[in-house]
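Two complexes, one shared chain (chain A), two partners (chain B, chain C).
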Partner chain A sequence: MANYIIRRLLLVPVLLIGVTLIIFGMLQLLGPVERSALYVTDFPKNEKQIEGVIKKYGLDDPFFVQYWRWLTGVKDPLTGEREGGILFGDFGYSRTASQDVIDIIKTRFPNTLDLALWTIFPMISVGIWLGVKAAVNQNKFIDQIARVYSIVGTSLPVFVFGLLLLMLLYANNQWFLPGKMSDWVSRLIYSGEFKQYTHLLSVDALLNLRFDIFWDAMRHMIMPIITLSYINWATFLRVTRSSMLETLRMDYVTTARSKGLEERDVINKHARPNAMLPVVTMMGSSIVGLLGGVVITETVFNYPGIGKAAADAASQLDAVTILGLAIFTGLILIISNLVVDVLYAFIDPRVRLS
Partner chain B sequence: MTNRLLDVKGLETHFNTPEGIVHAVNGVSFTLDEGETLGIVGESGCGKSVTMLSCLRLVPMPPGKIVAGQANYKDRDLLAISEDEIRKVRGAHIGMIFQDPMTSLNPVMTIGKQLTEPLILHLGLTEKQARNRSIELLGIVGIPRASDRLKDYPHQYSGGMRQRVMIAMALACMPDILIADEPTTALDVTIQAQIVELVIQLREELGMSIVWITHDLGVVASIANRVAVMYAGFIIEEAPVKKLYAGPSHPYTVGLLNSLPQIQVQEKKRLYSINGMPPTLYKIPHACPFAPRCPWVIERCWSENPLLFPIGDSHKVACWVDIKTGRER
Partner chain C sequence: MTEKTTNPTGDNRLLEEAQSDRKIGWFEQVLGPDNYRIVTGLFKTPASIIGFVLIIIFILVAIFAPVIAPPVGNDPMKIPRDGFSGEPQPPGSPWNSNVPEIPFWYKPLTGNDKWVHLLGTAQGQYDIFYGIVWGARTAFETGIVVVIATVLIGVILGSVAAYYGGWIDNLIMRITDIFMTLPYIMMALIFSSILTPILGRSLLPPIIAMITFGWMGYARVIRSDILSIKERDFVLAAKASGVKNGRILTKYILPNAIFPTLVLATLAIGDVVLSFAALSFLGIGTEIGYADWGQVLSFARNWITSLDRYWYIVVYPGLTLTLFVMGWNLVGDVMRDVLDPRMRGKI
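Entry: the complex of A and B
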């Protein structure tokens, strides 16, 4: 097991290089002149200035020189201070948000995490539970319902569903609200009276024993949580169901029955653990999706997470910010994959002991 | 008189498939006495597995359905008792091993856990007792260093070793009957012989009855007392093993015996391999299902399906033709 984890860990730097190369390479598809626009603020742009920028930032240097500079930054020859360099956590400065990209991540990511936290658990448990139920009762009523739901769930777009929720739960009666928190909560946070242990609002509220704030956080998160759960349930349900159906046909399930086990034990102890293998793989990509920012959902509900930040940056052509957020998402992807691999090995001895 | 353990009567099992209803088992009757080994022989797809799975109600339902028959184990009809009752029969009184040892053990559960399950369930042993008993059982089926190997997973065992584990598991609770569904088919020839040897040895020590399913008449000769030959969901010949080899009376049995490489055909009689494929029955046939492939076929075979009837002491056959004379019986 340790061996396996170490091998996976050694892969991480390789993956990092790959991710950064791809993301940086995509930006290089633009020519030096086009990229210089990121630095030139005057309008109309004059040719001299553009040339100057290209020279100053070395935008026409060979690809790997630029890539290296982007990774490690540039040292000022006089002060010795480093500028830029994503390896050192400098993701650049976002003009549209008027702050460092890393600060955008620092303020926005906890919100995305807060949302993900309350979505992941119900998403996984209910989705899997429904999938197993449907498979065990194949072609019966609950299975038919589940199948209809999994089709509707995967085909009804998030923005339609989200708008429906907004209409029903917000526009008509304001039971639940878009945004992140009410004004009185944000004033309280600014005043410094509210201790932010984790920067996840709902968790901090519980830690401060401020249930009024917790309720306020939930009122703002319920609609995105429902939206995210509803799509992800459909996916989990579908994958669990088909994996479970396949597993139930396996010989070892018949063996388990032939030993006289109760059907409940046959399903819970023999079939389900095997059926979970593809589900765990999918769980990884779902979690990456949730953590990397759910752009549409956060935008529909005006929820200030990473996804909303990316959407804002994209709509204002803020390439530096998008690049930084893309790298961050890539990092999450790599870490989640690592976790999934370890989890997978934990469930499947054939992986663990090979 | 010996004790009758299993008495199956008129068993019929169907499968509901998109192509129609598959008549997999069509009124099969047989018996199994204490200490006896019955061989069930036939080409693949003829309903051997479904017959025995039906007796324990292990056919997947749906698509499967047992539509008629009885399977009396001692004095209880296994097809009529409650789900709870039959669970107490499975594994405790009737054990079963399967064709492919690579797939019949749970890949994510240790051998030890799988082996102790029936012991804890049926015999009420504690974890520790069950563990000790498992070590004994693995030793009995010839797995070296048994106590170290309990925590291993199936993929760490070879195919032959896995089948030994399956045997240990099926016999863990000392059942009266062992159903072995082509347990050697997926194994190398040398390993096959070892497994047959092991089962014979265990039968001597434990005295259980065996139903040995195979498509290989050669294997059955070395282990069975009596043989039932199946074709298209029917038993078409049944006889003590010596009688069957000395005087096969159904054209299909003759074909099966002739296709055995090691058996020399003494007389210069027709040597043939069976042409064509066994049918999948979507309807109950009004002709003998073997007729299209039968070299002895006569008029009557096309209009009436022969039932199994006795032609001698404990020898039954389902054929209109006396193949010695080539004429209708």
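Entry: the complex of A and C
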């Protein structure tokens, strides 16, 4: 076990260096003027300023010199302050949003987390339940329905589904709303009367016992939650079904049946726990996917998370901002993948032995 | 006890195959028994047949686009506009300015001799019908280019890694891991928005971005297929008789390992088109007015408060994209079963 964890930990620096190299490589495709946003807020205006900036931050130095400077930042010779340096959490300045990229992350990431928090449970539980139901009733009506759903579910694009939801649940009747919160909630937060303990709006609302705000948060999140669940249900259903079918054919299941156990116990106690192993891997990767920012869903519903921030910056071709967001997302993904892999090794002994 | 030859119970497929004197057609001779099984397996279920029909319909639409919707102006890929007014027009509304030629099928089918906006117009009076018909070409173009390029990269890297092994294998597979860590849509979005100022607005930036971040799956699949073939007798025989490494890889191993990868790759066209549509939905890629499903759908983003009135700017292009992807998914679903060795003999 320790052996496995050490091997897995050794992969982390490799991934970190690789991911930063890829992102820095993409940065180098930009001109020095755009890249200067890594260190300074103002756009250099004339020839002279441009030259000055290039010289000061060495924007035409060799690749690896710049890479190192990008990681650790530059000391200003006059004031002695560090400028840039992603290792210190300085991801540059977003000229389209007029704020530091790290500030964008600070305001947007809690929203992405909030959404992920409420999506995880319906996404996983319903998906698995459908898969088990389909496998137990193989080739019967419910199984056929499930199979049709898993095909349609994977074929209907997220943004089409999202637009259809908006059409049915918002456009005419305003049952549920796009965005993050209603105006009166944002005014309340701005006024400071509403204490923000966690910066996750729904959780804060519960902690403040403001159920009207909680309902408002939910009204804004229901549509993205449905969308994210629906795409993941199809995959959960498929994986659970095939794994469950395989398990039901195992000898020990037959043994359990021939001992005279009730079918319900055979399925719930003997077959299902063992069929869950591949599903657990899926769970890991879909939760990680939710944290990594769900670009399309957030954009369709105008939900101000990390993914929406990336899409906005991309459509305005603000590369420094998106690359800053990408570094952050990359870090989140590397860490959460590590956690998932280690947890998985605890659950399934075959992983750590291989 | 009388001597009698009976087959043992159980899976007798191999035995029956060895005993039978069934005719082997030229098609099977060309493909070999395994690949033949894959191809015939694809045509045996209703799901995959529906899938093939959908795909063929889209191929026909793409080929006969000029007949179905005669081009207006110099660039047929630009969706013709009927004026510049912002508000979308419902299906069946008359075409006022910039009227295209009326195709031969129109009169007998509709009994109308004036061309109308069959599926309505999006904002800016872009005709949705044109966007859908000519968009089929964009879909196949991007799908085929991206799939060919990603397969090439994946096969080269994967086969080099598998064949040479050791540190080369380690290096290539770690690079693959690193690329796999990054979220696909986000990276494709980022890279194409970096490439757009350099290359200009066209299909090129998203295509290059999707290739850069899309090859890893093929590298892994071909690597594991080659690893299992590498140790077969005929490869060892070739090695023993002094054939060069490169030649062994290209002439002996790849032809025997590549077929499943190629089939999977073909079926990935649906996914590629889906991602491409997602990128153009987010506003990356072609210039506004280019016939491309994702872009037609992105027009709907400005009308979310009144989508109940302008349903046609979502429903028609959305349905088109869904049916396209579904065609490939239906075939792909059957494919997965056929390629799965545990399903051998069941299809």
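The working rule: the second predicted complex is superposed on the first by the 294 of 354 C-alpha atoms of A that agree within 3 Å, B and C clash if a C-alpha of one lies under 4 Å from a C-alpha of the other, contacts with A are read in each partner's own complex, and residues count from 1 in each chain.
As a working rule, a residue touches a chain if its C-beta (ideal position, glycine included) is under 8 Å from a C-beta of that chain, and two chains touch if they have at least 3 such contacts.
No experiment lies behind these values; they were computed from the predicted model shown.
A.B. asks: In the superposed arrangement, which partner chain does A:I334 touch: chain B (first), chain C (second), both, or neither?
C.D. replies: second
A.B. asks: As a test of reading the superposition: which chain, chain B or chain C, is in touch with more residues of chain A?
C.D. replies: For chain A, the partner with the higher number of touched residues is C.
A.B. asks: Could you say whether A:P273 touches chain B, chain C, both of them, or neither, answering first, second, both or neither?
C.D. replies: Once the two structures are laid over each other on A, A:P273 reaches chain B alone.
A.B. asks: When the two structures are overlaid on chain A, which partner does A:L30 contact: first (chain B), second (chain C), both, or neither?
C.D. replies: second
A.B. asks: Would you sort A:S315 into first (chain B), second (chain C), both or neither based on which partner it touches?
C.D. replies: second
A.B. asks: Applying the touch criterion given at the start, work out whether A:L164 contacts chain B, chain C, both or neither, answering first, second, both or neither.
C.D. replies: second
A.B. asks: Overlap of the chain B and chain C footprints on chain A, residue-wise?
C.D. replies: The overlap between the chain B and chain C interfaces on chain A is empty, containing no residue.
A.B. asks: For a test of understanding, state which residues of chain C touch chain A in their complex under the given definition.
C.D. replies: Contacts found on chain C: 47, 174-175, 177-179, 181-183, 185-187, 189-198, 270, 274, 277-278, 281-284, 297, 300-301, 304-309, 311, 314-315, 318, 321-323, 325-326, 329-330, 333.
A.B. asks: Which part of chain B faces chain A closely enough to touch in the complex?
C.D. replies: Interface residues on the chain B side: 53, 56, 58, 60, 62, 87-92, 95-96, 98-100, 103-110, 117-118, 121-122, 153, 155-156, 166, 169-170.
A.B. asks: Give the list of chain A residues in touch with chain C in this complex.
C.D. replies: Contacts found on chain A: 11, 14-15, 18-19, 22, 26, 29-30, 151-152, 154-160, 163-164, 166-167, 170-172, 178, 289, 292-293, 295-296, 299-300, 302, 307, 310-311, 313-315, 317, 319, 322-323, 326, 329-330, 333-334, 337.
A.B. asks: With touch defined as at the start, can you tell me which chain A residues reach chain B in the complex?
C.D. replies: Against chain B, the touching part of chain A is residues 138-139, 248-252, 254-262, 269-270, 273-274, 347-350, 353.
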